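So, here come the structures, one by one.
Common to both upcoming complexes is chain A, partnered first by chain B, then by chain C.
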Partner chain A sequence: MADTVKNAARTLDQPQPWAELGLKEDEYLRIRDILGRRPTAAELAMYSVMWSEHCSYKSSKVHLRKFGELTQETPVGKMLAGIGENAGVIDVGQGYAVTFKVESHNHPSYVEPYQGAATGVGGIVRDILAMGARPVAVLDPLRFGPLDAPDTARVLPGVVAGVGGYGNCLGLPNVGGEVVFDPSYAGNPLVNALCVGVLRHEDLHLAKATGAGNLVILYGAATGGDGIGGVSVLASETFDAASDGSASGLGGPAKRPSVQVGDPFMEKLLIECTLEIFAARIVSGIQDLGGAGLSCATSELASAGDGGMHVNLDQVPLRDSTLSPEEILMSESQERMMAVVEPEHVEQFLRICAKWDVLATVIGEVTDGDRLTIDWHGETVVDVPPRTVAHDGPVYQRPYARPARQDRIQADGVDVLPRPVGGEELAATVLRLVASPNLCDKSWVTDQYDRYVRGNSVLAQPEDAGMLRIDPDTGLGVAVSTDGNGRFAYLDPYAGAQLSLAEAYRNVAVSGAQPVAITDCLNFGSPEDPDVMWQFSETVEGLVGGCRELGIPVTGGNVSFYNQTGETAILPTPVVGVLGVIDDVSHRTSVGFRRAGEEVFLLGDTRDELAGSVWADVVHAHLGGRPPVLDLDHERRLAELLVRGAGRGLFSSAHDLADGGLIQALVEASLRHGVGVRVDLGVADPFVALFSESTGRVVVSLPADRVPELIELAEAARVPVRRLGVTGDDVLEVEGQFTLPLSEIRAAWQAPIPAAMAAAGH
Partner chain B sequence: MAPRIGVVTFPGSLDDHDALRAVGLCGAEPVSLWHGSDSVAGVDAVILPGGFSYGDYLRCGAIAAFAPVMTEVIAAAEAGMPVLGICNGFQVLCEAQLLPGALIRNERQTFVCRDQRLRVASVDTAWTSALTLGQEITLVLKNGEGRYVADADTLDRLEGEGRVVFRYLDNPNGSLSDIAGVCNRRGNVVGLMPHPEHNVEALTSPSLDGRALFESVLDFLTARV
Partner chain C sequence: MARVVVDVMPKPEILDPQGKAVTGALDRLGFSGLTVRQGKRFEVEVDGEVTAARLAEIRDAAEKLLANTVIETFDVRLDQA
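Now for the complex of A and B:
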């Protein structure tokens, strides 16, 4: 017997499980205030998921608003859709637009690594699809506990197989991302997923239900009992390993997993079917079903439209006929979309779905008035103003304060740490660092991803940025890179956010593309902890300031709070995705030295900056001091130089310097094609020159006869440039210090992840 | 007139676009074929592309082998039409019993994407005549179930009749006798796990070695006309 609106009005004092659904008492009272009665069980379910941290951004909203103050134009064109839409869309010229967004699926991936990661990919792909775009690539920034921790051996292979299993089956090339290890992620891995989509300007679709009498069609998979409470119970609370069953509190069948189960084959059909529907121009509004499922899709579509909506829940195709109305509304079953279609187009819509064997059902219509009403077994179980569900959730001014420990952290610098002296110790340090989890070869992971499908992957990992051809005739393309450095962010969240932004920006420029816009995934601990909230606030300020100086907008993104184990939060981890545009992808630059006898130069200045570095971590297990100093104006000029040089075909290779400093960049550039290098560090302190992580630096190689052009470009851009040496032979030689055979470096670099996984039986 | 080469799209096919592009780049006319309805009457050769047809549920290629279009593909293949099965397409050809053997889960149990070196083991097929016997080539390999297996008699027969078409160097998945591709007795039907259609453009491929397969079939079709 369902709890109807009529019944709710009669039984105002009936106790309700608002706390079990993740609501606070004042939030529950506000719902009663809005409705003028107690909510029905179905209404309570809807409000609880939509007012969850994950869906409502209630703790972050006041900060995220600052992104809206930034320019809404990119250096190459307009932003066609921005924050608040399923994903941001930017004009990239020639009538094309690109949409991209990064999201998190952290907690589900800890509970059930394969399905958590798989459905994380599925969710972001549907966001991109809902904008009217064909998804063309994914990137997955991943963070795990220590490589040798027993639980990493459970989480990592599952996550990687899930990312690959889902993305490969969709036919989406995986062209980048990160694999990072740190103890702070041990009980709380970070599984972020970025998707890129391409559309023509005229294909842009928005999530709104307009035109009374238009029909609401639910299509894709049938609705089951999976993922109930995913956004509220899993994603929006401090998390412990015990919460791996359902906590829906709704009295449904017990212990349903809150993690969704993915069916990538269905999603592939959904993509092709939806693109054919777009091409037929028969959709007036569209929304994917992700977190909060039908609750989200109905309330957001209705709220963004010009009327109300009526839905008959009995029409929703179910995998499990025993589901209650509130469970149907909360279910996060995957591979579902909702479209608003004019009546005369419905038949064609259903025909296209049938062609692709996709189940499609009319479940409601757009109505006059301003209510969202939902019926079940002939009685009304939901009657709400949709905006109060979708947009008028609580907004919190969470207290935040600079933690007392911050001064102590910053004072604990690296000057006291013993440094290697002499060629032998330096060489040993090189071999130790290339074999450390964060600098070693990641192909055990990335070889499980298809990077070739669709035939447009011009660059893919281990390149600094992934690059995709958009138009085969003109060569127009885009590049994307994601970066995050939680260690720097821990030392100084404002600077850390900007350093991540600058690194992703530089990685895109290194490939030859002009950086034009960002998306971000902000992974943090509990917003109820003022220390964490301070990190978050500083991060947003850092990104806003950084984007303002670089002249690029934030197009959207995602906040993931409650990433902590007990009282211990993860390192503050803003992951920044930067998108770049390149007029002709044949001008792209890749990271590896191409041939012997070419000149190698370093762009940018090196300072004694080792706080937060990989060296401090690996050799001294130390995290303290202040992160490298950033000069965004330099970053902008450096990027201009790189893009201009690439356009002229100046560089044989270009590689960003980041984790591990110059030596790691030289190692990676040498190993890529087995072409070594001999460098002369001059009078510089060789340890600082090799291992410092000063930002704003790039190693380039080029033919000797083109060196004057480089010097000229660098002078014009006011970027410091210094000759390092020459490529050739199968060794890495630092003159006067050491010579290491590439084979020895390669063996050390390749070993760690396969060894750790083999030891765990993978 | 350029020969017309059809590429079948099953639900879940992924590399159909790539195969169509490769066909066009190599000088034939690409024709898209729908699994449920289209006939192969208008085409001179057929490619079954890579992907996860029907989600690879049940068994890789098992459901696709019974798709309506396959009835005609099988008849045409038996009548001598060149048919190429790439990756999932190879699995479909095995399930349709146009080729012997089966593809099972990789020895290491994970999906593998890499630039794979191969040795050409037969040039007496419609799809490999432009290659040289013993030639070493590199093609993109990407699959989770690419380990070729067959019973001992079948393997002996394949070897004896020269029907192993490609062999892996540095066997990536535990395939018996390093087999990466095989053909039928007549040599018009070839199946292989690596992806020639991903090796036709310098900008996006580790090599251009895939072109030779498409050029071979063009030669074959032109000579026949």
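Now for the complex of A and C:
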């Protein structure tokens, strides 16, 4: 017997399991206040998931609002949809728009690596689809504990197989991302997923339920008992590794798993079916079902629309007939969508779904009123103002304060650390660093992903950015890169966020595309910790300041809190995804040296900046000091130079300098096509020149006869330029210091991940 | 030599895409009204006598390796046949 609204009004004092559902007492009292009575079990379920940290952004909202102060235009056009929609959409010209967004699926991927990562891909793909776009590519920024940690051997292969399995089955190329190792991610891996979609301007769809009498259709997979309470219990609380993540307090028949199992072939049908429905122009509002399932879709659609909504829960197709109404509302079963359709189009809608073998059911309608009502077995179990569920949730001004340790961390610089001296020690350091987990070859991971399916991937990992052709006739394309440096962010969260932004921005520019907009996934520890909240606040300020200076908007993204093991938070990890536009992908630049005898130049200045560097980490296990100094105006001018140069076909290669500094960039550029390089560092300190991680730098190669053009462009852009040497042979030579055969570097660079996985039996 | 059977099944509330695919294929072949959930069966040949302690050991092995207990259940029994 379900708990009806009538029953709730009669039994005001009945105790309710609000605490078990993750609500705080004042939140529960506020729900009672809104409704003027106690909530029914179903209402309590809806509020608890929608007011969870994951869905309501209650701790981050006051900070994220600052993104709204930024420009709502990109350097190439308007933002057609922004923060608050399923994903941001930007105009990229020629009538095309591109939507992209990054999200986290961290805790589910720890509990069940394969399915957690797989459903993370599925979720972001549906977000992109819901905007009216065809998903065209994914990128996965991943972070794990130490490569040799036993739990990494459990989590990493599962996550990678899950990302690959789901994306490959969908036929989506995976064109980039990151693989980063740090002890702070042991017990709390970060599995972020970014998806890019393409649409024509007129195909843009929004998540709102308008027009009384229009029908609400649930389509896709049937609803089961999986993933109940995922957002409120799994994603929004300090994570207990020992728990199996079950939601409790519902009095359900069994402990429910909070992880979901994905079915990529169902999702593929859902994509094609939805695109055909869009093409038929028979949808007035659409929303994907992700975290918080039906609770989220019904309340958000109704809240964003112009009326109310009535749903009959008995119509929801179930996999398990024993589910209670509150379980149906909270289920996070995958591969489901909800559409609002005018009555005269319903038949056609259902016909298209039937063609694709997609289950579709009318479960309700848009109403005149301003309430969301839900019936179960002929009685009303939910009667709420939808805005109070979806958009007017709690907002917290969490206390934050610069931690006392921050001064100590910044004072603990790298000047005291012994540095390698002489050619032999430098060469040994090079070989050691290229074989360190964060600099070594990631092919073991990326080879499990299909990069080229759909035939439009013109650049993919290990390039600095992934690039996709959008229009086969004009060559119009987009480039995407994601970056995040938790070590720099730990030293200075404001600067760290900007450094991540600048790196992703530069990576896009290196490919020849004009960076135009960002999405971000902000991965942090517990917001109840003022230290963490300070890191978060600084990060948002840093991104806002950085985007303002670069003149690009934040189009959306995601916040993931409670990433910690016990009391220890992860390194603050803002992952920034930058999208760029290129008029003709045939003008792209790639990272590898192409042929012998070409001139190699370094753009940008090198300073003695080794705090937070890979060298400090690998050689000294040290994390202290201040991160590299950033000049965003320089970054912008550097990007202009790179884009203009690429447009003229000036560069044979261009590679961003980041983790590991100049030497790592030279190693990667040389190994790409087996073309070595001989460089002369001049009077500079060779260690600093090779290993410093000063930002705003790029290595380019070009034919000798075009050097004057480069000099001219660099002067015009006021970007420092310096000749490094010449490409050729199968060695990497630093004149007067050392010569290393590429074969020796390659062997060291390729070994670590396969060796670690083999040792763990994979 | 005794044989112990370990049956592993997706938990009832968990989606079973393989079973769903088989169910769909059966229906297309004209076998109507059949709903399938697909698991896997391990046959474990055991040296010596299968004692309660030995069964407990196999149960432990099943939990650690044969089943993913986050999404699957398992059952261990002596094969009498």
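Note that in this section the second predicted complex is superposed on the first by the 760 of 762 C-alpha atoms of A that agree within 3 Å, B and C clash if a C-alpha of one lies under 4 Å from a C-alpha of the other, contacts with A are read in each partner's own complex, and residues count from 1 in each chain.
Keep this in mind: a contact is a pair of C-beta atoms (placed from the backbone, for glycine too) under 8 Å apart; a residue touches a chain by one contact, two chains touch by 3 or more.
Remember, predicted model here, so these are calculated numbers, not experimental data.
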Touched partner set for A:112, first chain B, second chain C, both or neither: second
Touched partner set for A:224, first chain B, second chain C, both or neither: second
Chain A residues touched - chain C or chain B, whichever exceeds: B
Touched partner set for A:263, first chain B, second chain C, both or neither: both
Which of chain B and chain C A:320 touches, first, second, both or neither: second
Set of chain A residues, in rising order, touched by both chain B and chain C: 263, 265-266, 357
Chain C partner contacts - residues on chain A that touch it in the complex: 111-112, 115, 221, 224-226, 244, 254, 256-257, 259-263, 265-266, 319-320, 333-334, 357
Chain B residues within the chain A interface of the complex: 11-12, 14-15, 17-18, 21, 50-52, 54-57, 110-114, 140, 142, 144, 195, 197-198, 201, 203-205
Complex contact set, residues of chain C against chain A: 10-17, 20-21, 24, 68, 70-71
Residues on chain A engaged by chain B in the complex (per definition of touch): 161, 164-165, 168-171, 263-266, 268-269, 356-357, 446-458, 469, 585-586, 762
